[in-house]
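The following blocks contain the structures, represented as structure tokens.
Each of the next two complexes has subunit A plus one more chain, namely subunit B in the first and subunit C in the second.
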Partner chain A sequence: MVEHLPALQVVLPLVAAPLIVLARSPRFAWLATTAVSYACLVIAALLATRVATLGAFSYALGSWAPPWGIEYRVDALSAFVLVAVALTASFVAPYARRSIAAELDADRQYLMYAMYCLCLAGLLGITVTGDAFNLFVFLEISSLASYVLIALGRRRQALVAAFQYMLMGTVGATFYVIGVGLLYLVTGTLNLADLAERLRGVEDLRPVLAALAFITVGIGLKLALFPLHQWLPNAYAYAPSMATAFLAATATKVSVYVLLRFYFTVFDPAALFDRLPTRETFLALSVAAMILASLVAVFEREVKRLFAWSSVAQIGYITLGIGLENHAGLTGSIAHLLNHGVTKGAIFLLLGGVALRSGAASISVGSLAGLGRRMPLTAFGLVIAGLSLIGVPGTAGFVTKWFLILGAIEREAWWVVGAILASSLIAVAYVWRLVEAAYLRAGQGTRREAPAGMLAAGLAMAGLCVYFGFFTSINVAGASDAASFLLRGAR
Partner chain B sequence: MSAVAAHFSYWVTLFLMIAGLYILIARGNLMKKLIGLGVFQTSVYLLYIAPGKLVGGTAPIVAAGFTTYSNPLPHVLILTAIVVGVATLALGLAITVRIREAYGTIEEDEILERDRTGER
Partner chain C sequence: MKDDIILRVVAKLLTPFMLLFALYVQFHADFGPGGGFQAGVIAAAAVVFYALVFGLRAGLRLVPEAVAERMLAAGALLYAGVGLAGIALGGNYLDYFVLDADAVHGQHRGIFWVEVGVLFTVSGVMLKLFYMFAGRGGTRDERGGE
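What follows is the complex of A and B.
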């Protein structure tokens, strides 16, 4: 049974989606979604434990031996990302019932659940597969589902945002396929481990370099690497609350995982980082994202879009570790996949509650006035998650920044240390705008918290921000294992 | 000249790739953008299929009298990619229909203008 778990966790949500569409009942849809999300979390936890004790293992799909058949491979890095995705899913799914009921017409609700399940299947599939083309298929399963999730937003701008995201996302995926095609022409294989072996010694061939460029830009579009992030702010701002929370916490993170996988286990890191300006490129783009996107967030009026810009900046932190290319830096990056996931997840879940109670289609910073009185628990949760976004000691965000700064010092890249501190200060500015509105400005309205299920999910995630700040046995230990695995090279 | 002739399929692929991407970026009409996207994706099908064909090669079925076989794997991969492309195009067209219902236009600049002014 245990050996079939890698396949099972992709199959479960994949099968749930058509069942939900057939049943058409919002209640069944919610139950199935929640059950699947929790099952995936259990499976991810079991896989992670097995990897931690017995090491990486592989699953031959349909018993076709790799490299001919498709291989599912669970190692320290993929197990960590699986847990991060499944953990978010297990908070978003129980939250979804009230949130979706409030934001969508009754006859469309089941579609939202079905799309969510497909998106989850795609994200878990990307993480677990060891085959470059299979990865593309899962990438598109999750992306197509997320375009629909965004298009289901209440305002008409959601349609335009989804369309723009679809264009850029599809170009990104097609670039990725071009890159994989070139690698296939050079090596004759699509299995990632096999690719790594056959690419040794031919890294400087022009098709391989072209493949590297296509894959970098393609996945860069998907993960919103600065300056390929234009689709992100609108997509997050106009999507339904539950979709924003889920996508912000998982979709871009899984794309970062793909980039890490290609950079450190497929291409030869020595060739990549020593003969090409990879390090400089990633440091420059990451720092630009951290500073510029944070500055935009300071001047943004709408709260969801403010945090969407903050996401672009936070993705900068994640890619910064690639540029630092040492153990501490990568640990920070990988830990931030989870740390930022719970932080942004908490913020968008709580904001969904605020939107539900205010009844408005968009929440401006000004309309948060008096939130500390109207919705004290929600406001408190937002402050906690905001502190984690800034990186105050005792929160998950601090853990990330600590390791990134260690990595930057190790590289003697003092300007990067300065940039991390500057970006944190700018984060103080935009989080303070919310705190100021919520607690220091008088607002109208009586005290009324978000529905219990939604509030509990949001607060639990905010609690995780603090938990991961103090008890680092999951995020840092897992990320550290994954970083060691990546720096050891392939396999 | 011979370089062009010998790599004819690559030149066609490249032309379609760049033309598709150009239409996608340069045109403001959502339908034309989707056409560009379709051309761009199709060029990738060629990129995979063309190198899989050997002159004189047959389908990879062992039989007396045949020794040269074409690689079947690119065809299988591209069948999958075509399905993904069809799904993307279908979704793109569906969203375009909804945009047309919500805005009354599918021109990008008019849509942005109507969002700015709040006009229906």
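What follows is the complex of A and C.
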């Protein structure tokens, strides 16, 4: 059975979705979703240990040997991302029951669960597949599901936000598939490993350069790379709480994975980074994201939007490591996929509880006044996760920044070190606004915590922020293996 | 349109043949153009045509919305089930070779059931889309008196 795990990783959530639609019962939907999410985490963990001991391995879908058939391939990088996605899912799924029951009509709840399962299947599929076109199919599965997840939000603006995201996302997916089409034109293959071999020596051909440009911009849209991030704040702000937490922690991260895969294992990194201005472009865009998006967050009134802007800034940290293109920088980048996932996941899960208790569809920073008294545990969790966003030592965020700074010093890019510190200081400013409102301002209302299931999921994720800050055997060790793997393929 | 006798008679005559043609496109796809996608659209078009002439309510009596929704889920499940059957019979996921003692016949059998799954999902999706658009606005009677 072990050899089928790469396929089952994707098939389980994919089968759960139609079962949920057939059953049409919110209770069954929740049970199936939770069971599948935990099963996915177990499978991802098994795959990761197998890769750590035996090395990368591949699975021939339909028993057609690669490169003719579709190949699923698990290596150090994809195993790490699989664990990150499944880990988030295993916290979001138990949380979903109360949250969805509070935010959606009874006759739509099962659809929300079905879409969540499809989105999970798509994200895991993107990560596990070794085929460029199969990757596009999973990209579409996860994107279409996430448009619906966002559109199911309580406010009418959710529809506009979902439509905006759909326009941008469709452009992104189209650009990606144009890029893949050009590569297919040049090489006659869609298998990623086979593409890598056939592209050696023809990197300077114009179609290959055009493919690189299309794929970079297309995936850049999906991952909200700085000037292409406009869809993100609205999408996160108006989506149902559970969808925001899940998408913020996983969707953009998986897109970063796609970019890493293409940059370091398909295209020749030597040509990419030495003969093209890739390094400069990524450093400039990342630093712009880190500073500008953080500044916007400082002045944002609505809390979910504030953290959505903070996500744009944090994605800047992740892409910064690509620009640094050395082991420390990439370790920071890859570790931040998980570190930022648990941090932002915790924040949005806890904010879902705040929204549920306040009864309002949107939470302004002002309405958090007195939260420390009304919901002490939630407020405490938010502060912990906030510290991780800033990058205080002892939290997951610090680990990332430590490696990014090491990478920048190694490149002697002192202005990048300065930008990381400046961006952290701005993060202090926007997190402080919350702390000030929650603890220093008097508010009304009696003490009433979020429902136990929601609170537990949020606090557990906040706990992970601290755990990953002290015990780095999962996040840093995994990311370091993945970075070595990428750079080994590189030179 | 249900007051026009020509339309009514033609619609009644054509609908079963359209469904039959869908089955032809579905099962003749081994030898000619066609397959689950095309057949699914043709089958759904037959029901849509019927609903256009006799009213949405009549169409919903023919294929209720809940049935359309279950069709689209059942089709996807059938497709995934064929894949899992491959694993159960000792092959990989979506392995058709092991579905029969003879590998070529196994491929036939696999693609046959997968295409049946596609037929159900595609016609279910087309009908669900039609019902959702047709059900918007209008009077209660035109919507089929939900």
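Just so it is clear, the second predicted complex is superposed on the first by the 489 of 491 C-alpha atoms of A that agree within 3 Å, B and C clash if a C-alpha of one lies under 4 Å from a C-alpha of the other, contacts with A are read in each partner's own complex, and residues count from 1 in each chain.
Keep this in mind: a residue touches a chain if its C-beta (ideal position, glycine included) is under 8 Å from a C-beta of that chain, and two chains touch if they have at least 3 such contacts.
This one's a predicted model, so the numbers in the text were calculated from it and none came from an experiment.
Trainee: Is the number of subunit A residues in contact higher for subunit B or for subunit C?
Mentor: Answer, by number of touched residues of subunit A: B.
Trainee: So, does A:L19 touch the first partner subunit B, the second partner subunit C, both, or neither?
Mentor: It touches subunit C, and subunit B stays clear.
Trainee: Considering only the touch criterion stated at the top, classify A:F163 as touching first (subunit B), second (subunit C), both, or neither.
Mentor: Only subunit B is touched by A:F163; subunit C is not.
Trainee: If you stack the two complexes on chain A, which partner ends up touching A:V137: first (subunit B), second (subunit C), both, or neither?
Mentor: Only subunit B is touched by A:V137; subunit C is not.
Trainee: Return first, second, both or neither, reflecting whether A:T446 touches subunit B, subunit C, both chains, or no partner chain.
Mentor: neither
Trainee: Does the superposition put A:G62 against subunit B (first), subunit C (second), both, or neither?
Mentor: Only subunit C; A:G62 stays clear of subunit B.
Trainee: After superposition on the shared chain, which partner residues are touched by A:S473: those of subunit B (first), subunit C (second), both, or neither?
Mentor: So A:S473 meets neither subunit B nor subunit C here.
Trainee: Identify the overlap between the subunit B-contacting and the subunit C-contacting residues of subunit A.
Mentor: Correct list for subunit A: none, the interfaces share no residue.
Trainee: Sort out for me which residues of subunit C touch subunit A in the complex.
Mentor: 69-70, 72-74, 76-77, 80, 83-84, 86-87, 91-98
Trainee: Please give the residue numbers of subunit A that touch subunit C in the complex, ascending.
Mentor: Against subunit C, subunit A makes touches at 4, 7-8, 11, 14-15, 17-19, 21-22, 59-63.
Trainee: Which part of subunit B faces subunit A closely enough to touch in the complex?
Mentor: Those in contact with subunit A are residues 17, 21, 24, 30, 33, 37, 40-41, 44, 47-48, 51, 74, 77, 80-81, 84, 87-88, 91-92, 95-96, 98-99, 102-103, 111, 115.
Trainee: Touching subunit B in the complex: which residues of subunit A?
Mentor: 133, 136-137, 140, 144, 147-148, 151, 156-157, 159-160, 162-163, 166-167, 170-171, 173-174, 177-178, 181, 184-185, 190
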